[in-house]
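Both of the next two complexes hold subunit A, though its partner changes from subunit B to subunit C.
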Partner chain A sequence: MSTGWSITSMSAISLLQVVLVIVGGPLLLGFMRKVRCRMEGRVGPPVHQPLLDLRKMAGRERTRPEHASWVFPLAPVVLVATTLVVAAVAPLLATDPAFGWSADLFAVVFLLLLGSVSLALGALDTGTAFGGMGASRAMTIGALAEPALLVAILALSVPAHSSNLPTIIIRSLAHPAWLATPERVLALVAFVIVIVAESGRLPVDNPSTHLELTMIHEAMMLEYAGPDLALVKLAESMRLVVLFTLLADLFVPWGIATSPGPWHLAVALASTAGKLVVLGAALAVFEVTVAKLRLFRVPELLAGAFVLATLAVLSTLVVP
Partner chain B sequence: MDAGSCNGCEIEIASIFSPTYDAERFGIRLEASPRHCDGLLVTGPVTRNMAAPLRKTFDAVPQPRVVVAVGDCARDCGVFRGAYGVEGAVSDVVPVDLEIPGCPPDPAAIVRALRGLAGT
Partner chain C sequence: MTAALLVATALMGLAGTAAGAIAPVRFRIALSSALTIAACALGFVVGAEVLHSGHAAVVHTTTLMPLASFSLALDRFGALFVVITAVVGICAMIFRFGYDGQGLASRTASSILPLFVTSLLLVPAASNVTTFLFLWELMAITSLLLVLTDHARRSEVQVAGQWYAVMTQLGAAALILGLVLLATRSGSQSFAVIAVRSAHLPAWVRSTAFVLAVVGFGSKAGAVPLHVWLPRAHPEAPGPVSALMSAAMVNLGVYGIVRVGMGLLSGGPAWWWLLVMGLGALSAMFGSLHSATSKDLKRLLAYSTTDNVGLMLLGVGASGLFADTGHRALALLALVAALLHVVFHAVFKGSLFLSASSVHQAAGSTDLDQLGGLLRRMPVSGPIFLVGGLAIAALPPFCGFVSEWLLLQSMLHGLPSGDVAIAVAMPIGVGVLALTGGLTAFTFTKAIGIGLLGLPRTQDAERAGEVGRPMWIGAGLLAVLCLVFGVAPFLVIPSVVDAAGAVPGLHLAGALTRGWNVALPGVPGMLAPGLVAIGLVGFGGLVALGRHLVQQRPVRLTEAWGCGRELQTVRMEYTATSFGEPLTRVFEDVLSPARDVDVSHLAESRYYTEAAVIHTTIDDAFERRVYRPADRMLVRWGAVARRVPNGSVHRYLAFGLVALIVVLVVLA
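Presenting the complex of A and B:
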């Protein structure tokens, strides 16, 4: 990969990415809530409200359902830990964070999946009806969304001849013409659908619902309280930032730092923040205008995403 | 939590989240699970059937927690006082931290009381 990266600068980049994801996640959710409220004719809570909520939850009692085992308290920790690993190694701000060689597309997707599975196990462990229902629904959606995500990124890795995310981004930057090819457009649509499904947003799941019967992601965290709930909520927002930043960096890579130096990193930080604001506002506006899909229609949407991603891979083979 | 109310207070509680009152701008939200809550809004006189669920829900809220009795029925059973199905007021079943009078209370009064609790 690129030269001139020292161990210290690589570690500094990883640290910066982790901080960006931890602080930026709740802020992004607050910003999206603000956009939604404004479109509904309300003032809405301040943008930093999710951070205040996290601080409040962290200081509360940690309750535990009567029949829960050690899986229940472990699940939020695994969920946050896997997301933090992805945030540290994935090329979010610069093409060479520490252990960037390990940011393989399969590794990243499987780490994210490991977090989802651990939360589903934690929900099952509560022994409540809604926990089990949420877990089964989340796994149904995950089983359909994760392959689509994998295949969509695979379509980008074929022309780059590498499944390593930093390498894909560096080679895309070197060949701007790649960014407008049919497989890119197909993979982009599939990627966006998967992000909406994975992060539990409308029209797949409604994050602000109070009706247990329609819940997917929310149903899994009904029993979590206090610091555990804060971890789950934090992980949820962190995953949204990671997925958004990966989307932006893979499809519109300009702005990512390709060489070390505070100036490059400042540009990368500003461009990432700009991309997150644009994507967050777009998703929030989209959420206000659509209704939730019936649960049995969701697999059709995700199967569509998978087909688009497969077509993207096929077109990389047909169009040289 | 509805402990046996006529749903009048619920309509007023729901309307504090409307664009007119918009309690969410002060960080006040309805949550789906008592585990996620800071406090319970209890409405209505506590009926015999709802006394045990009210105690269980109260126990499910993590510490530190507050209980707000919303409306005259929750405070002193209101027009249902002495009725055969009524166990008592909310304070007879769980400790109450704040009472909001009215039948039903004005949404603005509910928002004011909750802001006073949250210190915003």
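Presenting the complex of A and C:
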């Protein structure tokens, strides 16, 4: 697979992907906030406001609840590191970043899960009711989202005979007809539901709520302050970008660079930015129009995603 | 050479038994443990040598048992299990040096424990029916006696012992029937001869023998619905014993199913393997759901053993199914995934059970709602449990991740094979694997987060301190293995491939490892656990460094926010019950939890509540719906039957006469 790709260019692509995810994450959040505000008839903060917020938080003091152990300060680091590993090796901009052969979809899922578990542990380490509440709810949703996600991955991997991300993308590019098959469409819906759930967006979780009873993700980061809070917030936005880009590359792969060279990369960068803008705007518009689901309605949504993913797998067998 | 070592293993174990029985109190534990460690070390050498060279270690003698020969032949497949048992045994025995189990220090327990370990080491080597059943029963009885160690102090132990005794003997009965059927029908009790002749046996004999073996071995492995003894016996057994049972003994159930199904019977029709997969799927779902909602640490671990056995059986069943449809390479891949999971499960479950016992000793309880804040108080045992928990949740860079990945891959590549049974079974398998994966992550977030992090919930947990050095060394060795195998699975995968290759009819075109990575032959892309670990450490280091550079002021210790209240108290903290509540509610139909709310009112006015207590208990559905009614029915029949022999000699003479007539009629 690494034909014609020099190590330098592959490393450069990885580096570019990491930078894209770090900078693009907060910008995407800012953009989505802007769209929401506009739809609600407000002007809204500038698109780069989340970056400014991060800078502000980075300058503040770090705090730690007196009963917490070393898990509490370690959790944000692990959370960010898992996302960065995925950002470096997954084919976000080009089909062959450094170590792209190791970018396995199942491995990506388990890496992201490691990040979620470490944040939940950090929340439980505070010993507060909110930490426990957020961790319990987030892990419940995560436990139910995982089956749908893995089965949807299976549906994508069966035609490509591999769960290796670059392989799936390259084969989809070679067979554009695959992208319109029923299993792709079904898997796409399942993926979208899972991504919304995993990244804590409406209707599963409201990222802008601070009402105790409805918080999930926010409840877990209540005790973080300063650079730690910045890391958790950054990781949240980075995960959204990674998941969105993977979604776009898996289902609409055109634009991704299949050979090295600045020209290809520029196209890839532009197309990825375009896809992110479309996806972000779509999610923002959707968020304006729906209300948050009750926590105990969320499993129904995720079970629906699981059923769709299973149907997708079955249709790979029926439709040759 | 290996044969002599195998004999030496057995003798060393018996020496440990003797030492436990006759050594003076002062040296009893040290001597019996040291001799058991030596037996395990010898077993490890034999197993490793057989795995490496492929030459079986054969011991055959006709003088040990009357009318039957005692015969051991350790092949590569069995050797893998011997090596696993040896490693777990060594760690558990090191742990025992510091373990403060009063019961386990007794003369009885000290002499039986080495015998139990020895039988565990020798069962995979047994090569004829008598030897196998003898060693199997020895293992069952010694483990039962060890479960009963603390029976005088706690009544739950007696109940647990009864459940275990019944289940293990029912399993043994099924095994005896199955193996004896095979032996009589094929005219020899030697495994090698049965394997050759079994192909010519009638289909009903083969199928009956296989189903009986699945029942017998399934009950030992703790597969649902034969698992009921497991969540009772494991929590009540002393620490090292529960680790040995969960990490070494249940493996032998999986060993037996493979040995009989693929070895003695050389594979069978698809429905056998769909049965195994079905049992596996049921065990995995049921076990992971119950461990997600358990609040006792050891009970949680016991249910998680059922869950993991389910995953192993899924792999074994998939392997048999592939072999039946002629996909030899896939069959081997699935079997390797299952066996790799056996190895890794032994490693992480061993460390989890041992460190849970450390927690018990330090904080006086394994009830998660009585623990908390132990990571700071137990700076070594805490991280050991943390590592084990992350490994079992299949999170990189620990070992559980690698075996689950291989299991997923074998199912993914089996799907397009065009066979209907496979096409239906594999997506269900992946769904089960995925659901249990998510639930396990939930379970161990709970176990670690509620048990080790946050505030201590009781005085005992508050005062807890680190346990003695032998205990954390024993548990720690296994935790280190979790990390080593997770980063460098190439250390163990080739041996597992060799072991699986010893099963007749399976072969793989190419290696499963490429350098440090795990790769399937002929498939692009690999799993690079080492790279993931390096990436995590590298990026983590960079992030931590960056955080340090942007903000160099020291971290300020603060009071956690308590919703505006002055002081944060333990009462405000989430408990294991509250953590599991959303999940309990989601799966209410399956778990059917019983809720009991006690509200007491103030004496002055009943409109004011003085205290409200809620009890949530989640019973085992199989226990409630199947075993309890069966138990009641047996008692009722017993009461009826008791009326028949009423003590009158005349009636007994009449019985004798009737029996004689019946015998004569039958014979005539």
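Operating definition for what follows: the second predicted complex is superposed on the first by the 319 of 320 C-alpha atoms of A that agree within 3 Å, B and C clash if a C-alpha of one lies under 4 Å from a C-alpha of the other, contacts with A are read in each partner's own complex, and residues count from 1 in each chain.
Convention: contacts are C-beta pairs under 8 Å (C-beta built on N, C-alpha and C of every residue); 3 or more make two chains touch, one makes a residue touch a chain.
This one's a predicted model, so the numbers in the text were calculated from it and none came from an experiment.
Colleague: Per the contact definition in the header, classify A:G41: touching subunit B only (first), subunit C only (second), both, or neither.
Modeller: A:G41: touches subunit B, not subunit C.
Colleague: After superposition on the shared chain, which partner residues are touched by A:S259: those of subunit B (first), subunit C (second), both, or neither?
Modeller: neither
Colleague: Taking the superposition as given, does A:S11 touch the first partner, subunit B, the second, subunit C, both, or neither?
Modeller: So A:S11 meets neither subunit B nor subunit C here.
Colleague: Quick one: classify A:F106 as touching subunit B (first), subunit C (second), both or neither.
Modeller: Second partner only, subunit C.
Colleague: Based on the superposed arrangement, let me know which partner A:R62 touches: subunit B (first), subunit C (second), both, or neither?
Modeller: Both: A:R62 reaches subunit B and subunit C.
Colleague: Identify the partner contact of A:M215: answer first if only subunit B is touched, second if only subunit C is, both if each is, neither if none is.
Modeller: Only subunit B; A:M215 stays clear of subunit C.
Colleague: Which holds for A:G226: it touches subunit B only (first), subunit C only (second), both, or neither?
Modeller: both
Colleague: Return the residues of subunit A at which the contacts from subunit B and from subunit C coincide.
Modeller: Common interface on subunit A, subunit B vs subunit C: 60-63, 212, 222-223, 226.
Colleague: Can you name the residues of subunit A that touch subunit B in the complex?
Modeller: 37, 40-46, 49, 52-53, 56, 60-63, 209-212, 215, 218, 221-226, 229
Colleague: So in the complex, which bits of subunit B are touching subunit A?
Modeller: Residue list for subunit B touching subunit A: 19, 22, 24-27, 30-33, 35-36, 38, 60, 62-64.
Colleague: Mind listing the subunit A positions that touch subunit C in their complex?
Modeller: Subunit A residues touching subunit C: 1, 58-71, 73, 76-78, 80-82, 84-85, 88-89, 99, 101-104, 106-107, 110-111, 113-114, 116-117, 120-121, 123-133, 135-137, 139-140, 142-151, 154, 157-158, 161-167, 212, 222-223, 226-228, 231, 295-296, 299, 306, 310, 313-314, 316-317.
Colleague: So in the complex, which bits of subunit C are touching subunit A?
Modeller: That would be residues 292, 372-373, 375-376, 382, 386, 390, 393-396, 401, 404-405, 408-409, 411-413, 415-416, 423, 427, 430-431, 433-435, 437-439, 441-442, 444-446, 448-450, 452-455, 517, 523-528, 531-532, 535-536, 539-540, 543-544, 547, 550-551, 553, 555-563, 568, 570, 572-574, 578-583, 585-586 of subunit C.
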